[in-house]
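Note that the chains take the letters A, B, C and D in the order they are written out, and that residue 1 is the start of every chain.
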Amino acid sequence: MNPRVEPFSETRSLTERLAARLTPEDQQLQSMTDASPVKWHRAHTTWFFETFVLRPFVPGYRPFHPLYSYLFNSYYDQVGERHARPARGLLSRPSAEEISIYRRAIDAAVELLLETAGEPVHQRVTLGINHEQQHQELLLTDIKHAFAQSVIRATYLEPKPPRAAGSAQPAWRRFQEGLQQIGNASAGFAFDNERPRHPQWLQSFELAELLVSNAEYLKFIEDGGYQRPTLWLSDGWAVVQQLGWAAPLYWERRGGEWWTFTLGGMQPVAPDEPVCHLSHYEADAYARWAHARLPTEAEWEVAAQGQPVEGNLLDEGRCHPVAAAGFEPFGNVWQWTASPYVAYPGFRPAEGALGEYNGKFMSNQMVLRGGSCVTPRSHLRATYRNFFPPAARWQFSGVRLARDA
Amino acid sequence: MNPRVEPFSETRSLTERLAARLTPEDQQLQSMTDASPVKWHRAHTTWFFETFVLRPFVPGYRPFHPLYSYLFNSYYDQVGERHARPARGLLSRPSAEEISIYRRAIDAAVELLLETAGEPVHQRVTLGINHEQQHQELLLTDIKHAFAQSVIRATYLEPKPPRAAGSAQPAWRRFQEGLQQIGNASAGFAFDNERPRHPQWLQSFELAELLVSNAEYLKFIEDGGYQRPTLWLSDGWAVVQQLGWAAPLYWERRGGEWWTFTLGGMQPVAPDEPVCHLSHYEADAYARWAHARLPTEAEWEVAAQGQPVEGNLLDEGRCHPVAAAGFEPFGNVWQWTASPYVAYPGFRPAEGALGEYNGKFMSNQMVLRGGSCVTPRSHLRATYRNFFPPAARWQFSGVRLARDA
Amino acid sequence: MNPRVEPFSETRSLTERLAARLTPEDQQLQSMTDASPVKWHRAHTTWFFETFVLRPFVPGYRPFHPLYSYLFNSYYDQVGERHARPARGLLSRPSAEEISIYRRAIDAAVELLLETAGEPVHQRVTLGINHEQQHQELLLTDIKHAFAQSVIRATYLEPKPPRAAGSAQPAWRRFQEGLQQIGNASAGFAFDNERPRHPQWLQSFELAELLVSNAEYLKFIEDGGYQRPTLWLSDGWAVVQQLGWAAPLYWERRGGEWWTFTLGGMQPVAPDEPVCHLSHYEADAYARWAHARLPTEAEWEVAAQGQPVEGNLLDEGRCHPVAAAGFEPFGNVWQWTASPYVAYPGFRPAEGALGEYNGKFMSNQMVLRGGSCVTPRSHLRATYRNFFPPAARWQFSGVRLARDA
Amino acid sequence: MNPRVEPFSETRSLTERLAARLTPEDQQLQSMTDASPVKWHRAHTTWFFETFVLRPFVPGYRPFHPLYSYLFNSYYDQVGERHARPARGLLSRPSAEEISIYRRAIDAAVELLLETAGEPVHQRVTLGINHEQQHQELLLTDIKHAFAQSVIRATYLEPKPPRAAGSAQPAWRRFQEGLQQIGNASAGFAFDNERPRHPQWLQSFELAELLVSNAEYLKFIEDGGYQRPTLWLSDGWAVVQQLGWAAPLYWERRGGEWWTFTLGGMQPVAPDEPVCHLSHYEADAYARWAHARLPTEAEWEVAAQGQPVEGNLLDEGRCHPVAAAGFEPFGNVWQWTASPYVAYPGFRPAEGALGEYNGKFMSNQMVLRGGSCVTPRSHLRATYRNFFPPAARWQFSGVRLARDA
């Protein structure tokens, strides 16, 4: 395959393979406003290539369908009006099959274009690939949430046997005070929110070698963690009270044992696996209980610089965390940081509608770092910034502790 | 076919024919809490036969699936816990195809039972048939509502050409004061809420020959009907303000013309067709504007007694109102009455869980009479009482005026 | 005093005496949207006389204050825009003292007018008196609700010693089937909703001699009444679940005993007193549990016809129910009926804004009959119809049972 | 007066002078959950001294009233349960006069204690003074909001004539890149959230000499600022749509002119005065429209270091912004920054309940700097951090622009 086309085609193909495990009816589920149906993800990522690659770069391009831009635009105000987000699950038409046809048509057009296209097209396609990878992860977190809503807990894949607990022991990794460089300055792809690279003064700190495990989090629960307001941010405590949180999302007490819903079905909570599906509020409360704190995103990035992007990622095909084997900044669970999601000094969003990609969400969200067991490996890097509201729990999100040194 | 089995089999078959026009993805749509997915209707009506016929009357009966009673129980507290109503659209499993299998299995068991069963079984099956007919109507009103939520307005069936406007002229039909008998005393099937037959003193009144037409309702709109609080019940005016109502449900203004969404797609509003998809509040406000009032359910029933159950019903296959051809109490649109839905004197709900069928809803609802273009003919009679909350608009509901004589 | 002025002056004076037990700060409390501040009641009733007596009947009348009509109009759309109901507690200006001045000014003008006025004025003033009496009752129920919101439970009056439990025994009073006359045909004052008098066919029935007592209601509680959905209307059960009802409003469990907040402070629940502060849903569920039902308003009225308007009314000065002493249709607690509040046959609301007084509320409300311990005696009669939504509990509302005979 | 007692007594006295302009009924108003009644502020600040000074430092201290800790605890979970925040306006008891008595009693006890007390007591009293100063400001912003809810717009004070527009011209003040020290290291009082002082690397930037004026903000409005989603953060745009914002809080269009409600009554919007009562979202949108940005709190602090705490503060007695006269970092309006409110590196909240003072609110809030026309001068310093949710508008909050240099 043409090496300039291959990354595009492989990404597009992976999305289809992820969706192929699901029936057309599964693909229509939208279990909450924050989540989207799988077939909507498949169509929206296609619309992205159509809107930002084919329309500007193919002279005389005619849209595949006159209503698809209305239906599959996510939040780009400059592109136009759109279908209400909470009603994405009410689209039985187009069918999953019609969306397959849409995908194939756009793929063909993009692949044709790529054969001869110049750098601007390739840059846009690279953005589209990275965009689609984000939706691959969301596709999996969203279907997990959807399957959890019914007593018929459907199984997305066969669970793999858990990795044996390693001999990895909790420990702290120390970093010296000094002026550090943060952010992305590479010539390669990075989102606008990772740029520019800039200096930041960090005081000395320590970062935990290992992610917090289920066994450790259980001690927090058993110590009354969910009943003690002084452990919590005020907003977090209000959410705990209102929603009755008493354990991570998907945990259930069955006959004296904790179980959790996974993409491989209901499983006992494994003590040595990283705790997962925590909100920022829970991560922060746990850290306070443990006489530690969450790392800032700058601390995390300094620690991750130079580390290989390896670990339990989507490429492993587990879609579930595994027990730690040492200092692995990447994979398993996204790590909540203490940093609100704001612009780096000198941040410049892209021109036009693509400037809406990241910048307008820099409010009321917290940064997560490191990727998870459902993040494609090629999507990650040390400067990568993920972000979610502090109450969000349906991502594969956990905790790595830090403390002042 | 065995004549004791035929009504059952035909009703069950009609449901499947109605659903067959829809894809599995269409059948999963739930566009509001009041509505249910088509495949849920198909499963729930099956569960009804399983629960109230097979379980009590087939010795040693084992449920088809251990979770189906949880998933497909609608509101029978005495049968047990159940899946949350607003989340019925989140059931991708069982699939539409699995529900077909469920239906066929239960059908076979019921048909077998009916071959030899005695009167109690037949009575229960008759109740189940009437129950399923109610869901046939809801299946159609619910899918209409669901299809209306997307700019891709799917078409359920090919629209038939509108019936030519008859020469029928508005007129009033007069009824004398006196002691009337209301309610059902027949040996045949009737719901518990239609019984017992009982005397009611009616003062003289007049009932309109014809249903209110779109042309008449347009005059109300053009006269500022939706802007004048003094025409409305206080609760109704609050809803008008809150929801911004300015026309019947499904009406849209397009280039100076009124259009309406139908099961046959978008159609111009036909002046001589009965106005449809009104709430009780709108029906009541229209009547006040027209210096008339809504009939009580007793008045309506007296007028309908002895009239043949004929008209534009589901059996016509239009699924849309037609212009009036004279005094037709049945068909076209349900007629809102002035009567809150309460128990008749001496009302006794059935024993056990079936006692929850009607009685517990006798609060905050208004009675509608006459059936609509999506009601099966064999389901109706003069004593039949339908009921919905006064703000409901997604049924085929309209107005026939009354006045004191 | 001029006998044509006296009823007006006495009613106005009573309101001020009721309010005089409260501080200006108490008079400003609005504890829920359904309730109003005492000083608002005092101003609104004054505005009523200003708007419906002085403005139409005093040539060249100039309003007392240009903003008072905006502030103190309750719900008369034809009179104009008005201050939002939920924000009535946000009016520190005018002060309670300024409202006293307003009252005195309007009183003087009305009294002057009454000296020489003709029948139309007297009729309007009589309406105003009856209107003010309704607000006297609301003033007391609203301040009770407001005082209940703070751990400092203020005492409105000194409680009187409870009346000794009589020897009155539960029994049933029987009424024969037949055509009865219901509604008001007197030349004297009655609200439009009590008219016209009209025939209604009643089947034979029995009515309880006594109101349901606290002791009886406690048996319902102890029998799991609030935990058994099959006893409840569907809407009622939803409210029970949502609001966590487990006893009448104002009841509290303290050290194994039930106490209740009264206008005389916290008091033990007295077994032989009528149960009070029930919603229609609770009254209905209790009746079902007791194998009885609520009376219709027609049944109640037939039973009350010819009975003296006597009992534990506001004139007694207790503001709390007392134990029964026999068949007393009036006083103690309003009795929920099985009748939704609808128009009588031939009902004609008044012309103009006063037509909004009653008619527009004939939706989603239930009729209560008989008056309570905070209703002025001269306000009541057998045909009197009170009405509240079925979930309302802050009125002095209880139960008298009925059953088919 | 004893110089160790004087700051306490003067602060307490100022609160009473601020409240003395209000009637007892005014002092009870609570117009939204975020605001509190004036008399509640007066009682809560007194409770603070009672709880954190008298209880720990006066042996055998007996609380003034057994229920006051329940009623007047704001949010200190470690102190105990408390009256619901949205229901603070439902406390008619204790009266404003009773709260005066409470204040005098606690004042006497604290003053007595201060005569002989050691450093720990003085430190606590100083915290209490600073706490009370915060409530002095809130008292004024809350009563302004309350008075704005009624068409009778009460006047808190006589407005002073606006200060003549100075010759001050817009200009930019430049700051060089480098390692700066931020935060408080003084021996004097500072809140825990201002500490510790720590290094922060700042890139070069420019800060506007002047606050954004009404005239400038009007250009943003006239340029469609409130209609263009691309100018807004996503969350901000959602609020604009939901609440229908089209101008700053308190602005009204009257006959083609903009007016605004002030503590001195309705006033025309003065073009040269700083724009006020903006949310963070509006401040941020304005900055984007003006091709600038909001300063970070570190940038602001660097610019304010060494500047005298002078300007239009509460001590001026205007309670309204005035036209700018040059670079005045302090006074007039709080300046929204681009910085979410988070802990400084090494932040340590106080031990015990006072640790809840600041730390637990470090979520979903933005920092404001500089004080306003209702902030006491002695309360401010360059390191002072105020914080509110980004949608809050009822504080005297405005904009000073920054840009990269």
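Couple of notes before you dig in:
The rule is simple: a contact is a pair of C-beta atoms (placed from the backbone, for glycine too) under 8 Å apart; a residue touches a chain by one contact, two chains touch by 3 or more.
Treat the numbers as computed from the prediction; the structure is a model and nothing was measured.
Greatest centre-to-centre distance from subunit D is found for B, with centres as Cα means. Distance between subunit A and subunit C, defined via averaged C-alpha coordinates, is recorded as 58 Å.
Subunit A and subunit D have CA centres that are 38 Å apart.
Centre-to-centre separation of subunit A and subunit B, using mean CA positions: 46 Å. Shown for subunit B are the residues that touch two or more other chains, of which there are none. Remark: the chains found to touch one another pair up as A-B, A-D, B-C, C-D.
Of all residues in subunit C, only 23-26, 28-29, 31, 67, 70-71, 83, 87, 89-96, 146, 149-152, 154 touch subunit D in the complex they form.
Residue ranges on subunit C touching subunit B, taken from their complex, read 75, 77-78, 179, 198-201, 203, 229-230, 232-237, 281, 338-340, 342-343, 345-346, 355-356, 360-364, 390, 404.
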